[in-house]
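All remarks here apply to the structure that follows.
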Amino acid sequence: MTAALRVAHPRPYAPDAEITIRGLRKTFAGSPVYEGFDLDVPKGAVVSVFGPNGCGKSTLINMVSGLMPHDGGQILFSGKTIAQTRLAYVFQNYREALFPWLRAIENIRYPLRLMGLPKHEQDRRIERLLATMEVRFDLSRYPYELSGGQQQTVSIMRALVVEPEVLFLDEPFSALDYEMTLAMRDRLQRVFMETGVTMMLVSHDLEEAIYMADRILLLTRRPTRIAAYLDFSAPRPRSAETLTDPAFVALKREALEIFQREVRA
Amino acid sequence: MTAALRVAHPRPYAPDAEITIRGLRKTFAGSPVYEGFDLDVPKGAVVSVFGPNGCGKSTLINMVSGLMPHDGGQILFSGKTIAQTRLAYVFQNYREALFPWLRAIENIRYPLRLMGLPKHEQDRRIERLLATMEVRFDLSRYPYELSGGQQQTVSIMRALVVEPEVLFLDEPFSALDYEMTLAMRDRLQRVFMETGVTMMLVSHDLEEAIYMADRILLLTRRPTRIAAYLDFSAPRPRSAETLTDPAFVALKREALEIFQREVRA
Amino acid sequence: RVGVFPVSSALPFFVARERGYFAAFDIETEEARLMGGPAVVGAMIGDQIDVAANLVTIEGMNANLLRSGVARFIAVNAQNATFQMEQFVGRKGLGASSLADLVGMGPLRAMSAPGPANIQAAKGVLEAVGLREGTDFTMTELAMNLHVDAMQAGTFDIGYTLEPNGTVMRDVGAAELIEAGVIATHLLGRPDAKAFAAGAAMTGAFVERNPDVAARFAAAWRLALADIAEDPTTRELLKGNTFTPSDVAMTMPMPEFLMADALTDQDRADYVALIRFAVDRGVLEQPIDPLDYLIELPEPAR
Amino acid sequence: MTARLARLGSALTPLAGVVVLLALWQLLHLSGAVDALLLPAPEAMMRALWNGFVTGPMAFDFLQTVWRTTLAFGIAAVIGIPTGIVLGASPQLYRSVEFVVDFFRSTPASAMFPLFLVLFGVGDEAKIYVASFGALLVILFNVAYGVMNARKTRILAARSMGASPARIMRDVIFWESLPQTFIGLRNGVSLALVIIIVAEMFIGSSDGLGHRLIEAQMLFRMPTMYAAIFAAGALGYGLNWLFALLERRVVHWGGR
Amino acid sequence: MTARLARLGSALTPLAGVVVLLALWQLLHLSGAVDALLLPAPEAMMRALWNGFVTGPMAFDFLQTVWRTTLAFGIAAVIGIPTGIVLGASPQLYRSVEFVVDFFRSTPASAMFPLFLVLFGVGDEAKIYVASFGALLVILFNVAYGVMNARKTRILAARSMGASPARIMRDVIFWESLPQTFIGLRNGVSLALVIIIVAEMFIGSSDGLGHRLIEAQMLFRMPTMYAAIFAAGALGYGLNWLFALLERRVVHWGGR
């Protein structure tokens, strides 16, 4: 990482941003994914990331969360280092991110153990989490005994249980059933309203992306640029009515147009 | 498998069924998923399977396609054995079903090699397939170099290239972007219209499930029963208009009601 | 601390221990079983043992070449046609009753006990009777524990082996004796010559450090040698202590155990001749006089 | 009923191996291809084994060998597993010690005996350490490669949760490489046993299966020799079986 | 620039191992903990090595050992890999031969010499076969466990496409277990080398590193003995390095 070599960049730093990205560069096998990419994620906002397959959404989140090295540019957290920030991440491949040697419930408990919480506090937090979600399956099973959607549910629960400051969600509802998806959306919204967590959510469901978001980040094909960075400021809690709200419908149409123009380009 | 021990079952065999399931029984760790489960999948029909997480959709497809043993009951293909039927399967965990030692294009070619087709015929088929889909990424990459959605795309292409008689799709669009999902739906519809393949499609998107289907199979929670087995006979090719068709909207409402009743039960 | 290579030539150690001679001279022994010469020599150089109950003289001289005085022999074992140790055997039905009979039988597949000393002795003997390597015989060295198997399996025509393997082979019918005491007869020139192939040795460091203990040890050793010469029941001690089958322990040939001061002038000349052979054959890198490393310790005052 | 039969059958499967081995032996013996003195009937071996264990010293030898092997293996495992994990977690680090590991893995223990004699004296220690050393290298090698070949997603998951490198090794890499670790342990325990026996044969010992074996060889007591080999091999199988059992208990997620 | 330096650095990393080994040796030597006759300076070993290779017979010995090892290993790999795959694909089948595999894996080759001597004589064949046998077992064991521990999804995928069991083994299981196979091959090639050297030491040979080694040991020529050991160890490292290189080429998907 040659951050030191970075050329001075015109764009100023936004003071209220939780995550500030400047001049980000990432290359795979010689061809660039990101080049001089800038982004601000406001503190306490939900940013939905919407873009075509392979444009680099997972790559972006991986770099921001410090799991993947970037080739150039800077990623800054508001005043803190990544290590000081309590973050949680729901991986796109939730199957491989769970620990098969731990039961589902222990998978959920694991980040709490990492935080060094005493046992009773761990139990308390888990119980609090369970109380707010209707989990219909046996959490004392091992991950490989669960269906895809159940695994994804466990994965989300593991992320929520730490009450993170920053939450990354990479297509977190892709395997959930109709009911569960709705429930999880609501649950996330409630978490957001209660704790003001900063969230980056990747979703291929435009309706969902807008419904959840304060800001919608539309990305182009590789090399990836920002096609648009839209605002959606409907009041929370949002509900089924929001979906039929004219502002919502208009924004959705606009986003779709931008997306289709960029994708077909 | 104690098929021989099966007690006589009242339900008659449907003569026009591609797949006939009678008295299916499957137990995991002592608790049943299926018990005395009957189902007919008509020849040349698309059956969408819709049901809550963990109800046994993947399990059902796995058993029908002969990949997982069942504990009792019969699964019959019209007059043929499974081995004689050319079937294709898009796995829910598409990531692990691709061969990482083969390039994407070779992954797609693999089933053709299995069929023993000569090289030029393989090439011809692959070209024909590629001509009908807009693949925007480099197929000479290895699977682990592809994004989630790209991997899923390869997975679907591998299934389509063999021009199967029976096609199983387990949440095949879960990782695809907006455009790609639409394109794939259309592509599948075209395949269906051209070849009259029998299809079983698992989807959590009710709209998609109905849009694609001749029949919609609604499943309950475990132990899994058929909540409803609805017909949808809108003419093909279907398009965006279909989604606003009153019959479609009514059916969707009905299915949703049934589903919610069963899931909340 | 005594290093013991558990073969028949270690008998004096067991006699001295079991019959209480060590105890009588107030010596406590700690037995370290070591398989083969290199291990014994290494332990002597490394000062891990004080005495080697049985050390091949050529290996001892080799050690002395590396560091003078590491191996000082208090006793040596003679072997010849009477005191049989090394010998040539032939496979069943070979029909040779002396080495001379082998002439013209070639090419013979020969095996030898392992190590350059043994190989050179074996080759030297065959060459002395007029056989040439390559045309009349080919020589393969083989670990001692495989000798009986190899002869029984008919892998070789003739073999240069040591006791008790020779006796075992004859007993199980794996091979027939051709000639024993071949070093004395063919290399030293007389059937009654004494080939001092092995002996009991002390490290120079030990002798210097504890001359008194060394002297008492030698005295105990002397009593044991005397017993062995006169009392065949000492051989009972071969059983269990050494790799000697109990059924042959009482009958198998043994070398003649001699204290260093019991060597006659002729014996000394034979000893020098043997070592010179080793030097000539390149087994020892430089000439060395073995007599310098015979040590005669005074009778301890009791 | 069928389930219980099946369970019984699968418990007996390993016995099939014994039977096959003895049957092949018996056939070879009967065929006369090999001199009967050199390859006695399995029955003669069995008798020697029985006598050796019941009236002879073999039971004691067996226990001595078991004890030495256990010690040697224990040392090797305790050092080898953590070292393997740490080295494997940093391929660059592993490459820098790879020469030493591969060097000594490819050097016969018998060649190293002189050095170990010098370093550790002529007692049991030398044998135990040389066996430990051999087993250690194999365990370390297997564990390190298990770690290097492990999937990276779970490590990333743990890191995203803020786990320290040490925690990641303990909580993730250790488990992730566990199947390979078991293979290493089984390779290691067999090697420890082999080296102990060879040491008992060639560094000199007054007990142990290796001593019994070389003595029988020297004395041309073939049934006893084969009995000692059989005891050693069966011991090796037994130790491996223990680990296989443990593995099946612990690595329940294997292949899933 | 930095990239090229880094590449150079990583190419030199293995040398670090050599340096570390020699430095430790030198230290041990200088410390005087071990008698200098028994553990000569590494420099003396190096000189013996150089002389042995340039003017002495060591180059020929080295090639002989390489040749025997290659043959033995080749036979073992050609038989071991397919057998391992077939056995591993059916755990029940594997259990039934497990006794034999674990038995002989835990039996020292030196103990089996009498039998192999009887079966194959004292020529090169005996050495090569006994080494083959040893390496075969290790390769088979590793491959079979690699297969058993492999993930099942891809096998199911191939089966759903109508692949026959034989095709599945060739097209999927083989690849799936390839990382483990390479570990097995590396264990196997080291073991083949070890057994060849031990055989050269103990069953009649007039050349080969093992012969050179035992001769030097008998003559107490320590520098030559260590030179032979060093040559053997370095050969072992070289063979392992070849496989590591091959593995990095072939198993590009490792850990992903």
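Order as written gives the chain letters A, B, C, D and E; numbering starts at 1 within each chain.
Assume a residue touches a chain if its C-beta (ideal position, glycine included) is under 8 Å from a C-beta of that chain, and two chains touch if they have at least 3 such contacts.
What you see is a predicted model; the values in this text were computed from it and never measured.
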Target chain D, source chain B, minimum contact steps: 2
Those chains which touch chain D and also touch chain C: E
Number of steps on the shortest touching-chain route linking chain D and chain E: 1
Between chain E and chain B, distance of the C-alpha-averaged centres to the nearest whole Å: 49
Whole-Å separation of chain centres (CA-atom averages), chain C against chain E: 38
Whole-Å gap separating chain A and chain C, where each centre is the average of the chain's CA atoms: 83
Sites on chain D at which at least two other chains make contact: 35, 38, 114, 118, 151, 201-202, 217, 256
Residues of chain B engaged with two or more neighbouring chains: 93, 96
Multi-chain contact sites of chain C, meaning residues that touch two or more partners: 38, 42, 46, 145-146, 149, 153
Set of all touching chain pairs, with the criterion as stated earlier: A-B, A-D, B-E, C-D, C-E, D-E
Chain E contact footprint on chain B (complex, rising order): 62, 65-67, 83, 86-89, 91, 93, 96-101, 110-111, 114-115, 142-144, 162, 168
Chain B-touching residues of chain A, taken from the complex the two chains share: 28-29, 50-54, 56-58, 92-93, 95-96, 136-137, 141, 145-150, 153, 171, 174-181, 204-206, 221, 256, 259-260, 263-264
Chain D partner contacts - residues on chain E that touch it in the complex: 10, 13-18, 20-21, 34-35, 38-39, 92, 95-100, 102-108, 110-112, 114-115, 118-119, 138, 141-142, 145, 148-152, 179-180, 183, 186-187, 189-190, 193-195, 197-198, 201, 210, 213, 217, 225, 228-229, 232-237, 239-241, 244, 254-256
Of all residues in chain E, those that touch chain B in their complex: 151, 153-154, 156-163, 167, 171-172, 175, 178, 251-253, 256
Residues of chain D defined as touching chain C within the complex: 35, 37-38, 113-114, 117-118, 121-123, 201-206, 214-215, 217-221
